[in-house]
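The following blocks contain the structures, represented as structure tokens.
Two complexes come next, and they have one chain in common, subunit A, joined by subunit B in the first and subunit C in the second.
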Partner chain A sequence: MMNTAYFKDQFEGLADDSSADTIKELSKAAFESYNHSGLPSSKLEEWKYTNISSLFDKNYQFSKNNSEEELSYTSLKALNLPGQNEANVLYFIDGRFMPDLSKIRSSEKELVILPLEKAAAGPYQKIVKEHLGSSSKYLKDGLHALNTAFIQEAVFIYLPKGQQLEIPLYLHHVTHATKENILSQPRSLIYLAENSNLQLVETYTTLGSMDSFNNEVIEIVLEEHAFLAYYKLQNDGPNAAQVSSTHIHQIGKSYVQSLTISLNGGVIRNNLNLVLDAPGNETHLYGLSLLKGNSHVDHHTLVDNKQPNCFSNQLYKGIASDTATAIFSGRIIVQPDAQKTNAYQSSKNIILSDQATIDAKPQLEIFADDVKCSHGCTVGQLDEEAMFYLRARGIPLKSAESLLLQAFSSDVLTQIKLEPLRKHVEQLISAHLASS
Partner chain B sequence: MNEDLDMLEQSALNDYKYGFVTNIDTDTIPKGLNEGVITLISKKKNEPDWMLAWRLKAYAYWLKLEEPNWANIKHPPISYQDIIYYAAPKQKEQLSSLDEVDPELLKTFEKLGISLNEQKRLTGVAVDVVMDSVSIATSFKEQLSEIGVIFCSISEAIQKHPELVKKYLGSVVPMTDNYFAALNAAVFTDGSFCYIPKGVRCPMELSTYFRINAENSGQFERTLIIAEEGSYMSYLEGCTAPMRDENQLHAAVVELIAMEKAEIKYSTVQNWYPGDKEGNGGIYNFVTKRGICQGDYAKISWTQVETGSAITWKYPSVILKGDYSIGEFYSVAFTNHHQQADTGTKMIHLGKHTRSRIVAKGISAGQSQNSYRGLVRTAKGAINARNYSQCDSLLLGDKCGAHTFPYIEVKNKTAIIEHEATTSKIGEDQLFYCRQRGIDGEAAVALIVNGFAKEVMNQLPMEFAIEAQKLLAISMEGSVG
Partner chain C sequence: MMLSIKNIHANIEGKAILKGINLDIKAGEVHAIMGPNGSGKSTLAAVLAGREEYEVTEGTISFLDKNLLDLSIEDRARAGLFLAFQYPVEIPGVSTTNFIKAAVNEKRKYNGQEPLDALAFLKVMKEKMAMVEIDQSLLSRSINEGFSGGEKKRNEIFQMAMLEPKLAILDETDSGLDIDALRIVANGINQLRNEHRAILLITHYQRLLDYIQPDYVHVLYNGRIVKSGSKELALELEEKGYDFITDETDLTAKA
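After this line comes the complex of A and B, so read on.
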């Protein structure tokens, strides 16, 4: 693999002006860890169904610092989702946070956005020191370490105490793969102080016909009574591979709702970790994979119950047609102290073609006795009777199929509380089903 | 309070009633494993050359392997040179009937509750007894041979039916399958062999009783069962061992082959010595069990009740190759004190219209860890494959763990797969209901656990079910606090 030598070169060539020692130390340790473990192979249990290392047979480049010259705010605006024009939008170009292109509509009192280096050196030093890199304890693979090794032009987002942000915050990742294969490594640290409320939307666009690989890490911390709604929309081209790791740490009694919609893309792996680190946390995780062509989407969730009286619920739905692969691997851990935990997990899948694959690995690891935990998993087809009912009423095969699949998706979709986003996703799904 | 103490004392005594040692002279070979030892075992068993060649090939392969570490179990490294690979009770040459068996040995089996004589008369179950490494006695052989059923030790089968052994040995679990299967292939000393000819419905339950008696010895038995077209057989397997401080290794291989329309029902009550309350000693039970539904409409059903062993590591599996074939797996795994169990099944759907059903019940108490690990795979050609899996875990005590690791892999658009798992403790309301009616705590828990395991227990043959229920009750004593 050419990349290893390239990464080494790049790492040694990193400008030494990265102001904060915290970040410098972290990335140094991470690079050593990357050197030690390398890229995850499918021999690793956690990567059994997703082979990332084969993607690295080709060479990826980190972007040069000049790609934003070609992208103006107006050209970016054309990529916006409905509703995004009225929201706070942060743009990441090739994984680098672009403060100048970004548009913050909320006041500084309501929402603090800083380049991570500045936050680490300034008033948020303590938070950065405590929480940046805390996901490494859970994600020990080389890819995650690689992101940490190259923390550069990352973003720090802070919601002050009591701020109930009414307009959502979009993180829009644009990869500029027009000339060469691009490896982008966006990194964010988001902190929700007591009683704050954030609606976060993430979306991805790859420009150009070369391959892109987005190796993203987001760390989110929630204090007491904070509320987070987190939407991720993956609707990129088949040349766009992605490993997106989100690590949510609930240090106070708080509420998280996460929703991941995967419609198009190449090889996609979503790591979603929830650490329930205070009594009474509540978490709802939803996911929908609607795949065709050669897409490969691997939802990998981990809910670590560390404190008593927590509640978590997971509902993941997958539809795979053509040669697509839909994977759900969920893991619930209940630590010895986490008595009275209620943790539920459900994965429902429809397989529409003999070339498609569905793999599921719902796991429970329970070390406390006073708990209620369950998981369920099904793989099947469209209900023949429902099909017959529709066909008998003169609805053509295609429409009937599409109708039933929309119904199957709907209990995930109705969880999208952002009206424009939900409408947009519903439209995408209708178009998606009509074209297949 | 006093009553509680009494009860605890009682349960400490009751813990493992099969923990006695039988003082019989044994013929053992020195510790250690090398080609010389394997040749010696083969020679002692008077095996043909092809068998020795097979063993040495397996040994050469085993040397290349590393011990697997993916299971959810922890144990100190096993020293394979510290094990005696062959230990046989010394006895007169060639027994012609049970009457000639060493009386000391017969006493042992009486203590185990399987008086061969009595069972022969009363229950009509044919028993093959394997002590340490060799098969001691097989009852009912003549009656069985009249209808063409071959039921004997595998050593005897190698001598008398080499064509069958040669054809099927290693065909379901090849020597290259895994670390312990390779080890077993190299050093296996005895086990049972069973052949049911075409169209025969075996009139009685066939049963094997395994016992490790000698110190420092390991038991490596190999069982091979072949059911020809249209035949039926039910097979029972039981295991015990004396209480010793050190860990003993038991690495068996079981192969089942079911031809067209044949049915094999394989039941195990595993009660190897689980070690003491502090987790010292006990058997490491690392077993590879696999059956293949070779022909259409074949059926293989595994039922297991696992209460013993310090560590259990086994996944009885079914390869559903024939169209319309059926695989079943029913399991109760109970762990107490420091026991660890990582058990489950694999259902590999290859043929069309194949069906499988998995019911696994795990009960953990004390500081034990109990894991279910299973795989359901449907291949591209497995049209209309159907699977239903249910894994329930019950936790008794706040220091134990219950884990579920199911793997589901579907590559076929007509497959329907369902998996369901729950984990909980015994409901306060259920306990209250019993206590209110004058049933004491211990009995109430036993009652509820029995109800929890019933779905599986019902699958066991009658006399085995009673034994298994008692076993469960004994293992559970003292686990409620």
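After this line comes the complex of A and C, so read on.
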């Protein structure tokens, strides 16, 4: 694996002047941690379904600092999703936050966007110090450490108290894999102050035919009465691998809805952590993987109930055809203090071919005695009676299949409250089903 | 001849259910097939509609001069064959209206017609809804989801009205209906009766035939049609029970 020497080289070459001390210390410790553990091997229980280290048999490069010159705002705009033109959009090119290319429509009073280094040195120093890197307590693998080791050109997003942001915020990750295999490592810290409201959308585009690997970490903190709707749309090329870690820390009684739609891509691993750290927190996690070809999507969720009276519900649905693999591994922890926890989890799957794979692995770890927790997994095929009924009315086989799969997906899709995004996803799914 | 069934034998999981059915149905005719439980009535309906679990081992079926057994399930429907299900399937997440619209337009496409636009479809729908006394609120729900037994059967007849089939096979449409629901469903069926359309009623009981007068009645027993006659045969069956026919047949078989 040549990458190890390359990372060392790159780390030593990092400019020492610009970063704030907080970030520098964190990076240094993270690089040591990476050196110690290396990239996660599939021998680790948490990674047994997804062999990440073998992807690094080929060499990935960090991009040289010149690809933004080739990408203008106009060319980026062509990649936008419906509704994105009216939204706040932050572009990340090869993992680096691009303030000059980004488009902020909300006022500074409503939404603060800063390069992380500036936030760490300025008025948000305390928040950055307290919350940046808090995900490392939960994600101890070398890949996560590698992101932290190279925190550079990251973004800090802050919603001031009481700001109910009406227009959504898009994080659009563009990887420029035209000449070499690119490793991008975007990093964001998002803070929702008391009584603020954010609709966050993440989307990914790889340009070029070389391979890309997006090793992403987002940390989000919610104060009392904050509201977050978080949508992630994964519809990239088969050359685009991704490990996307989102760590959400609800430090005040707040509300989170997360929805991940995975349609196309190479190897995808999503780590989604929810730390329910105040009484009365509420969290809803949804996922839909609609996979064909050789796609591989591995969802790992963790809901850590630390305080009493929290509610969480998870609904993950998977459809796998061809040789695709859909994985759901959901872990719920109920700490001793978290009495009256309500935590539910359901994974429902349809397998459409003999060569496709579905793995579902629920884990409950309960250390309190007055809780309601449940989990359930199903893996099945299309309902033959329903298929016959539809066909007996003249609906062709392919359309009948597609109708039933859309129906199967519908309770996840109706949770997308952003109208243009939902319509777009529904169209993608129709097209996806029609072409398979 | 609209439908011509000749010497049909059919198996399910290797077990012979139909053992040589012969039946001819012309446009405009209403035929009733009666018989005790397990005689093969619903199997006949399933074979006609193309259910894949049944294997036809012998015989031919022609429908409007086509070899029915060569047609896919959906092509049979588009060509004008309609099966009203004994147990209509609940399909959560698929709206009834969208489903019926798709079915109507698939059939139109098959017949070389333009699809109905939303407005034209709505107009036809309103008209047919009145015919089977079905409520709009049911049709905006998922297919049959949470429908009562009567609502499911009415929905079947509504679909029949929308699809205007040439041959309608009604499989135990009267089962599970109370007398009011039976009257509404029968009334819908009678309105759909005309000289271009044939109807095959499959029923265990005579009571449906009080409302829908058949031209012919056939008794199916042990995979064969053992007796055919006019509508009076149904009354005779009601009076004497199936035993008078089955005993006769068993005796003949032994002799």
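Basically, the second predicted complex is superposed on the first by the 435 of 436 C-alpha atoms of A that agree within 3 Å, B and C clash if a C-alpha of one lies under 4 Å from a C-alpha of the other, contacts with A are read in each partner's own complex, and residues count from 1 in each chain.
By definition in this document, a residue touches a chain if its C-beta (ideal position, glycine included) is under 8 Å from a C-beta of that chain, and two chains touch if they have at least 3 such contacts.
All values reported here derive from a predicted model rather than from experimental measurement.
Legend: residue contacts after superposition of the two complexes on their common chain; A:403 is shown touching subunit C, with no touch to subunit B. Once chain A of one complex is fitted onto chain A of the other, the partner contacts of A:375 are limited to subunit B, with no touch recorded for subunit C.
Touched residues of subunit A, counted separately for subunit B and subunit C, are more numerous for B. With both structures placed on the common chain, the touch criterion links A:25 to neither subunit B nor subunit C.
Once chain A of one complex is fitted onto chain A of the other, the partner contacts of A:395 are limited to subunit C, with no touch recorded for subunit B. With both structures placed on the common chain, the touch criterion links A:386 to subunit C but leaves subunit B unconnected. Under the contact criterion defined above, no residue of subunit A touches both subunit B in one complex and subunit C in the other. Contacts from subunit C toward subunit A in the complex involve residues 49-52, 72-74, 76-78, 83, 85, 88-89, 91-94, 99-100, 102-103, 106-107, 110, 142-143, 159, 163.
Chain contact summary for the complex, subunit B toward subunit A: residues 70, 380, 393, 395-425.
Residue ranges of subunit A in contact with subunit C, taken from their complex: 383, 385-386, 388-397, 399-400, 403-404, 406-408, 410-411. Chain contact summary for the complex, subunit A toward subunit B: residues 45, 336, 339, 349, 351-381.
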